[in-house]
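This report concerns only the one structure given below.
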Amino acid sequence: MTPSVKRAIQDIRQNRFLNAVTIITIALSILIVSAFALFFINTNDLMNAWKRGIRIMAYLKPETPQAEIPELKKKIQNMYGVSEARFISKEDALNGLKTHMKRQSSLLDNLRENPLPDTFEILMIASSQSWERVEMLAADIEKLSQVAEVEYGQRWLERFTNIFNLFRLAGYALGALFFMAAIFFVANTIRLVLYSRREEVEIMRLVGAADSFIKMPFYIEGLIQGALGGIIGLAALFVIFLFVSSNVPQDFSTGFFHIRFLPLPVFVAVIFSSMFVGWLGCYLSLKQYLKS
Amino acid sequence: MIDSEDKSAIIRLFHVYRNYGVKHALIDITLDIFNNEFLFISGPSGAGKTTLLKLLYLAEPVSDGQILVDGLNLSRIPRKNIPFLRRKFGIVFQDYKLILTKTVYENVALVLEAAGEKRRLIHKKVKSVLRTVGMEQRLNSLPPSLSGGEQQRVAIARAVIGDPNIILADEPTGSLDVDAADLVMDLLKKFHTRGATVVIATHDKALIHKTGGRVVHLNEGRLQVTPEI
Amino acid sequence: MTPSVKRAIQDIRQNRFLNAVTIITIALSILIVSAFALFFINTNDLMNAWKRGIRIMAYLKPETPQAEIPELKKKIQNMYGVSEARFISKEDALNGLKTHMKRQSSLLDNLRENPLPDTFEILMIASSQSWERVEMLAADIEKLSQVAEVEYGQRWLERFTNIFNLFRLAGYALGALFFMAAIFFVANTIRLVLYSRREEVEIMRLVGAADSFIKMPFYIEGLIQGALGGIIGLAALFVIFLFVSSNVPQDFSTGFFHIRFLPLPVFVAVIFSSMFVGWLGCYLSLKQYLKS
Amino acid sequence: MIDSEDKSAIIRLFHVYRNYGVKHALIDITLDIFNNEFLFISGPSGAGKTTLLKLLYLAEPVSDGQILVDGLNLSRIPRKNIPFLRRKFGIVFQDYKLILTKTVYENVALVLEAAGEKRRLIHKKVKSVLRTVGMEQRLNSLPPSLSGGEQQRVAIARAVIGDPNIILADEPTGSLDVDAADLVMDLLKKFHTRGATVVIATHDKALIHKTGGRVVHLNEGRLQVTPEI
C-alpha cells in the first residue's frame, strides 16, 4: 500500500462523521439520479411496447390482381422502418368486422357483396418510431400504384404520442435539474467538509508539505467515498425497485412489457460516475483552498 | 554564552515593511541574521515579532523591501517552490498549530512524510525526538487532550525533527515551567551546536539573560539593535 | 429590532460563505421538490382532461316507449358521479355510424330496417373518476329495466388508465424519495455548517450563555435562510417553467388542457415549508451540539 | 502582599479525582478556597492545573469526590442551571477561546448579552474594560489579526467584564511582556480589592513571588499545600 493510500485510510478513520456525511450525500444523489434513469428506461420500454400497437392499414384498389400481392408484400417489407406486412383478404376483413361489431353484425348479413377491400396491415420497428416517421412511411406506401388508401393510427394514438412527448420534455428538464442538483449537493458537501478542515490544510502547507502531498489523500478519499456512495445508492434503489415493482398491477408486468432494473453497463457507469464526482468535488474545493 | 562562529549572513532583510491596512506592523527593518547564529528577537506584546518570522517563511508577503534567505530572494520564489523554502525552516508557532484530529505521532511525522522519508526512518526519528521533549508516553494522544505545555513540547518536537538549517521559535517556552523550558532551550542549543541557525522571538527577558546570544529589540514595528550581551 | 434578530443579522454577515451555501442548498431542494409538484399537478390536469373522454353508452331495449325517456334521463343524471346524460335516438345513431364508417358506409345503404337501438351517452364528473367507479356506475345503469346493454370505454382506455396508475405509483415513489432527500440535504448542510462552528457554540456555553440564547440567532438565521432559499428556488422554477412551457407543442396547451404554474396556496405553502425546514435543520443540529 | 479578609470557603473540594482513561489527572484533591482569597495554583506542565479549573466551572465532571461552589453541590446542578453557575465565574482560558469570526468588541460583549444586559450599558462597559487592558484601539479587529499577547488581553477583558464573584485565570500572563503582565495583575488585584475571589493557575514562579497570596502546589495530579508566602 502506498503511503498516500495509507494516509487516506487513516484520515477516513479520524474524520468518521465528515466521511459518513459525504458518503450518505453521494449515495442519496446517486439514488435520485439513478431512480430517475430507472423510471425513464422503463417508461421508454413501455412507450415502445405501446408503439408496437401502431399499425398502418393500406387498402388496395379493388382491381388489384391476386398475383401482384406477394411482390407488393416484399416491396412494403423492404421499406425503411417496416417490421412486418400482413396481408388480410377482403373475406378475412369482413369476418373480422363481423366479430368486432358483435351486436350490430346482423346488418352485415344482408349485404349483396363484400364492400371491403383487400388490406395490408403494416407493423413498424419499435426503435425507429416517431409520429413523423409513421406519417412519412404512410405517405410512401400511399404512392404505391396498387394502394387505394392508407389509414394509420387513431386520433387517440396521436394524442397519446403528443402527451408522451410532453412527459418526455418535462422528464428531461427534471432529469437535468436533478443531475445538476446532485452534483451541486455533493460538491457542496465536500466543500463544507474541507472548509471545516481548512486549518489542517493550512498547517500542512506551513510545515513544508507540497500541494500534491496534501491533495493526494483527499483525492483517494474522494474516490473511496464516491465508490461507497455509488454502491450504497444503487443498493437502496434496488430495494425501492423491488418494493415498487412488486406493487405493480399483475396484468401489467406480465403483459406486453416487463419492468426491469438498470442494465449492467448503466450500473457500472453509475459507480464510475460516482467516483468521478467524489474526485471532482475534492478537486474543485482543494483548488480553492490551495490558491493563495 | 553562545558564540556565533560563522559570520556570513543566512537571512538578510533590507528595509522591510509590513502594513495591515493603516496599521504598520513592521517599519523599515534592515537586519542580517548570520549563519549558525543564536538570535533573540525581543519586544513587548504587539511589537511585530511574530510578523517578522511570518515574513521569513512566506506566510505573508512583505509590503515593501527585500528578504534573502540562503541567497534566495523571497519575492522571486515561484509558488510551487515555497514548500522547499519552508523545509529549510523548523518552526515553533506561537499558537502551536497542531492538527487537532491527528495524534501526536502523526503531527510530528507529517514533516518527514511531506519530505518523502521512508516509514522506518520516520518511526525511529519521531520516537526519539518525542523522547527528548518528554512526550514519548503520549504518542497516540490527540492534541486537545494535552495540557498547554504538552502541546508546546509537541510543537517543538515537530519543529526540530526535520533537522532544519534554521529554527524559528515563537515564544517556545511560554507555556512551560522552568524545568521544561530548560529542557527545550538545551535542545535548541544542541541543534545550534550542530550548525543550525536559531531565531527565538520572545518577550521573556529572563530567558534571554539566562541563555545569552545576540538580541535585537523590536518596538512598535521598529528595530533597536542592542549590543551583544 | 430585538437583540436576537440583530445578532442573527450580524452573524449572517460574518459567515457569508456558510450562509450562501445553506441558502443555495435550500433553494435547490425547493426547486427540485416543487418542480416535481408542478409536474404532478399538470399531469393530473392532463389525466382529468383525458378522463373527461370516458363515456358510458347505455343501449335501450327496442320496446322502450318514447314516453319513458325523459324520466329515465332524469334517473341516470341523478346517479352518483354522472355529469351529463345525452339521449341519442336510433336514427341519429345510424347517421353517426354512416359518417363514422365513411368508406364502408355504402354497406349501410342497403339495410331493410335500422338495426341500432336508442342510446344514452353518459359523461362522468372528472374528479370522481377511477376505473372502478366507471365499472360500478355501468353496473348500476345496466340494472335499469329499460337498459338492454351497457358499453363503456375501450380496451385502450383501460390500458391507458393502468399505465397512468403505474406512472403515478412510480411518481409517488420518486416524489417521496426527492422530498426526503431534500430534507436530508438541507439538514445535512446546516449540520456541517454548525459543525464548522461548533467551537463558537462551545465557547458561548463556557462563558455562561444559556442554550436558548445560543440557539435563538441560529433559529432566526434558519428562518431567514429558509425564506430566501424558498423564494430563490421558486423563482428559478418559474424561469424553467417559462422555458419548458414555451417549448410545448402548440396544439397541446391550446387544446383540451393548459399547462399552469403552481397555484398561489401551494406557492405560499412552499415558502412556509422552506422556512420550517430551515428552522428544523437548525433545531436538529443544535440539539446534537448542545446535548452534553 | 495580598490578604484574604474573609475566611469562609466559597469553593470546597472533597477528595476529588479526575481520570482520563488510565491517566489520573487529579488524585484525591481536598481544598478550600476562601471568599475573597487571592490563590495561586502552581505546578509544572501537565500537573493538572487546567483540569482543576475545568472541574470548577463544570466543563468536565469529577470522576470521584464532591465540589461545592457558593454552597452548591456541582454534581447536583441540573443541566439547565449550568449557565448560571458559569456566570459566577470570570474565566481566562489558557488557549483564550476567543470566537474567531467575531470582533474583539463582540467577543467581550457576548458575556453581558448572554446575561441579558441593555445595549447601552454593554457598550459603555466593553469600551471601558478594553481601555483597561490597552486594547481600545482594536474594537473591530478579528482575533486572528491580533498578536498572541493582544488576544490574551482580550480574553482577560472578557473574563472580568461581568464583574464576576470568582475569577479563574489560567496562565493569564503567559503571552505577555513584563509591563503588560503587571497591568493585568494590577487589574486582577483591583477586582480582588472589590471583593472578588481570584484563582490563578500558573507555572511562573516569578509571577507568584512578585504578587504574593496563598499558593497551592500541584504535582502529577497531587496537591502539596505550602504555607502562605
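By written order: A, B, C and D. Residues from 1 in each chain.
Everything below uses one rule, namely that a residue touches a chain if its C-beta (ideal position, glycine included) is under 8 Å from a C-beta of that chain, and two chains touch if they have at least 3 such contacts.
For clarity, every value in this text was computed on a predicted model and none was experimentally measured.
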item	value
Shared chain contacts [subunit A and subunit D, defined touch]	B, C
Of all other chains, the one whose Cα centre sits farthest from subunit C	B
Cα-centroid distance, subunit B relative to subunit C, in whole angstrom	67
Distance from the mean Cα position of subunit D to that of subunit C, given in whole angstrom	62
Between subunit C and subunit A, distance of the C-alpha-averaged centres to the nearest whole Å	23
Euclidean distance of C-alpha centroids - subunit B vs subunit D, Å	30
Residue numbers of subunit D (touch at least two other chains)	none
Arrangement of touching chains [line / ring / star / complete / other]	ring
Pairwise chain contacts under the document criterion	A-B, A-C, B-D, C-D
Residues on subunit D engaged by subunit B in the complex (per definition of touch)	20, 43-46, 49-50, 94-95, 145, 147-150, 152-153, 170-171, 174-180, 203, 205-206
Subunit C-facing residues of subunit D, complex	57, 59, 80, 82-84, 86-87, 89, 91, 93, 97-102, 106, 110-111, 113-115, 119, 158, 162
Subunit C-facing residues of subunit A, complex	17-18, 21, 24-25, 28-29, 31-32, 35-36, 39, 42-43, 46, 50, 59, 97, 103-104, 106-108, 110-112, 115-116, 149, 156, 160, 162-163, 165-167, 169-170, 173-174, 177-178, 181, 184-185, 188-189, 191-193, 195-196, 240, 243-244, 247-249, 251-252
Complex contact set, residues of subunit C against subunit D	3, 7, 10, 14-15, 197, 199-200, 203-211, 213
